[in-house]
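Each of the next two complexes has chain A plus one more chain, namely chain B in the first and chain C in the second.
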Partner chain A sequence: MEIEVISFGKIAEFIPQQKISLSNVSNTDELKVYLEKDFPALAGIKYKLALNKNIVQSTLNLNNNDVIAIMPPFSGG
Partner chain B sequence: MDLERYSRQLVLEGFGETAQQKLLNAKVLVIGAGGLGCPALQYLVASGVGCVGIVDDDTISRSNLHRQILYATSDIGKLKARTAAEKLAALNPDVEITPYPIWLEQENILELFARYDFILDGTDNFESRYLINDACVLLKKPLIFAAVSGYEGQLAVFNLTDNQQQCSNYRDLFPIPPTAGEIPNCEENGVLGVLPGIIGTMAAAEIIKLITGKGKPLINKLLHYNLLTQEQYVLQISQAQNYTIAQSEDEFLKMNYHNNCALTEAYSEIDISQMQALKEIESTILIDVRERYEVPQLDPQIFSKVPMSELEHFLETDIAAEHIIFLCQHGIRSVAAAERLSEKYGHTKKIYSLKGGIAKWRNHF
Partner chain C sequence: MSDKKIKNIFSKGAISPLFIADSISKHSSKTNIGGHSIFMGQVRKDEIDGKLVAAIEYTAYEELALNKMHEIREEIFNKYPLSCMHIHHSLGTIKAGELCLFVFTSSAHRKPAIDACTEVVERIKAELPIWGKEIFENDTHQWKENI
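Then we have the complex of A and B:
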């Protein structure tokens, strides 16, 4: 399965926009574990996932060509 | 109604005097008269929003001027809320403008918010953002959330129910605040002046849409804006179940907004054993801020000497070390030095002060 990953803010500095091929990852919870292992800096900051532009509140199954957005909170004014 | 002043929006298709009257009847509170607040205030006041409150306890500094466009160089040192109110009153005398040069706290926020219809959060720290969010949830007050970081911005409208019966708030996105240093602020990360100009203006547009009932405001949506590409990415927010939020004034007053926020002290006070442990780390520098004549004299191989009288000069140089420990005779001047240094480095370095100073830990020196 191939998904597209888009990230914002500070996270974009270490996870550039890319397509990733996944095996043994079937839902967003497993994807979090996978991403935090591949990009250890992600484990150290708060972030929220969106699957196909919908905020993920509990784990959702992933399908081929899904788009995952990863976003940190912003506080600046 | 000043028909000439508002003539260009009065002639808009589907706007007219009805929409203008809604603006004139509306009460909007803008929190933070900074990069986001300045342009938002200008457009809200210019458009004829009847009552505008401005909350900001800060004064204008030189480094604000590239983005906080209500202020002139000659305003440096003046209170933002009062200065903004003066300029805005000159822009549109129809509008009742109230400056609040105060720091928002649990004790004063509910009473203040109750006087307004819409709240715009244009603050610059997570402590305020969570406080404002929770107060708005408790009061069921529509909240326009605007924030920037680097070249990107976020904008959302919370606490309004959409046609799917969803009603979200900031905690549906981020249930708990980031810890200190987790997310860089504008001081650390930098911001291009025009970015909060765009996001602040978009926030004002959302408020005008909400007041007049025009268009589709970003209710339960989070808009991400990237200045470098002009790309927007809009996400649909649904309600989360995994956080606690105050349901009553009593609960609200008992919440703790000071812990783990970016606003918490950027330095910490440590004891001698913590200092000894940090000393072993290669990227640690120990700085004695006592004047040169003070005793006991410490080993200059281990302790760098930067008397308080020379601190400002020292701050002009860049410190390579990651951990910076200040000490003095009683641990008072070292706190002042740590504070001063944290103004420069924020959370990008670990800054410490030896609590009690050399006098308390005499046997260790």
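Then we have the complex of A and C:
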């Protein structure tokens, strides 16, 4: 399946927006492992995922054409 | 309330003190109001490792932030007897000394306005996907972290 990855804040400095083809990755927990392997800088920092504009609280299944956002800790205000 | 349309809280650039004054004056016709509470966030010229913050550049995951803000707004209106609540957050580059956040709550008596204002500010900082990049006077940067 193919998913779109977008990222924000300091994570956007090393993970540009891109489409990723996945095999053997079916949920967001497995995606985290995949991303941290592909982008080692991600492994050392705190981040949250959002799947199709909903913040991921516990693992969710992925589907073709899903949009995943990788978000570092918020710092608005 | 849940059929209410999602309001945009974001605008590009600093929040002008004149906009805030105008916003206050618009409430003079709402004579059931007895108390307003206002929070204004201002970009601080922090010194970090000898470098001074010249500006903060704000970005957001706007759609997610506005959905979340809508949820927070509904929860706050259910919790406190407010007459109204207005929220504005800047995006883009805001210079030190300029305003980047404006939260304005009003109620018949002071307490709900004050408590709702405090709670909304805390929730904006903790729950909205917004990021501040602190730009130093020498053009280097670091990513802001909320305390």
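The definition used in the following text is that the second predicted complex is superposed on the first by the 73 of 77 C-alpha atoms of A that agree within 3 Å, B and C clash if a C-alpha of one lies under 4 Å from a C-alpha of the other, contacts with A are read in each partner's own complex, and residues count from 1 in each chain.
The rule we apply is simple: contacts are C-beta pairs under 8 Å (C-beta built on N, C-alpha and C of every residue); 3 or more make two chains touch, one makes a residue touch a chain.
In this text the structure is predicted, and so the values were computed from the model without any measurement.
Visitor: Classify the contacts of A:Lys53 with the two partner chains as first (chain B alone), second (chain C alone), both, or neither.
Guide: The answer is both, since A:Lys53 touches chain B and chain C.
Visitor: Comparing chain B against chain C, which has contacts with more of the residues in chain A?
Guide: Partner touching more chain A residues in the overlay: B.
Visitor: Once the shared chain is lined up, is A:Met71 touching chain B (first), chain C (second), both, or neither of them?
Guide: After superposing on A, A:Met71 lies in contact with both chain B and chain C.
Visitor: Per the contact definition in the header, classify A:Ile45: touching chain B only (first), chain C only (second), both, or neither.
Guide: first
Visitor: Which residues would you name on chain A as touching chain B in one complex and chain C in the other?
Guide: 8-10, 50, 53-55, 69, 71-77.
Visitor: Under the touch definition given earlier, write down the residues of chain A that touch chain C in their complex.
Guide: Those in contact with chain C are residues 8-10, 50, 53-55, 69, 71-77.
Visitor: Going by the contact rule set out above, which residues of chain A touch chain B in the complex?
Guide: Result: residues 6, 8-10, 44-46, 48, 50, 53-55, 57, 69, 71-77 of chain A touch chain B.
Visitor: Write out the stretch or stretches of chain C touching chain A in their complex.
Guide: 41, 58-61, 63-65, 67, 89, 100-101, 121, 124-133, 143-146
Visitor: Taking the touch rule as given, give the residues of chain B at its contact with chain A in the complex, in rising order.
Guide: 32, 34-37, 122-126, 129, 146-150, 152-154, 172-174, 176, 178, 182-186, 189, 191, 196, 222, 224, 226, 233-242, 262
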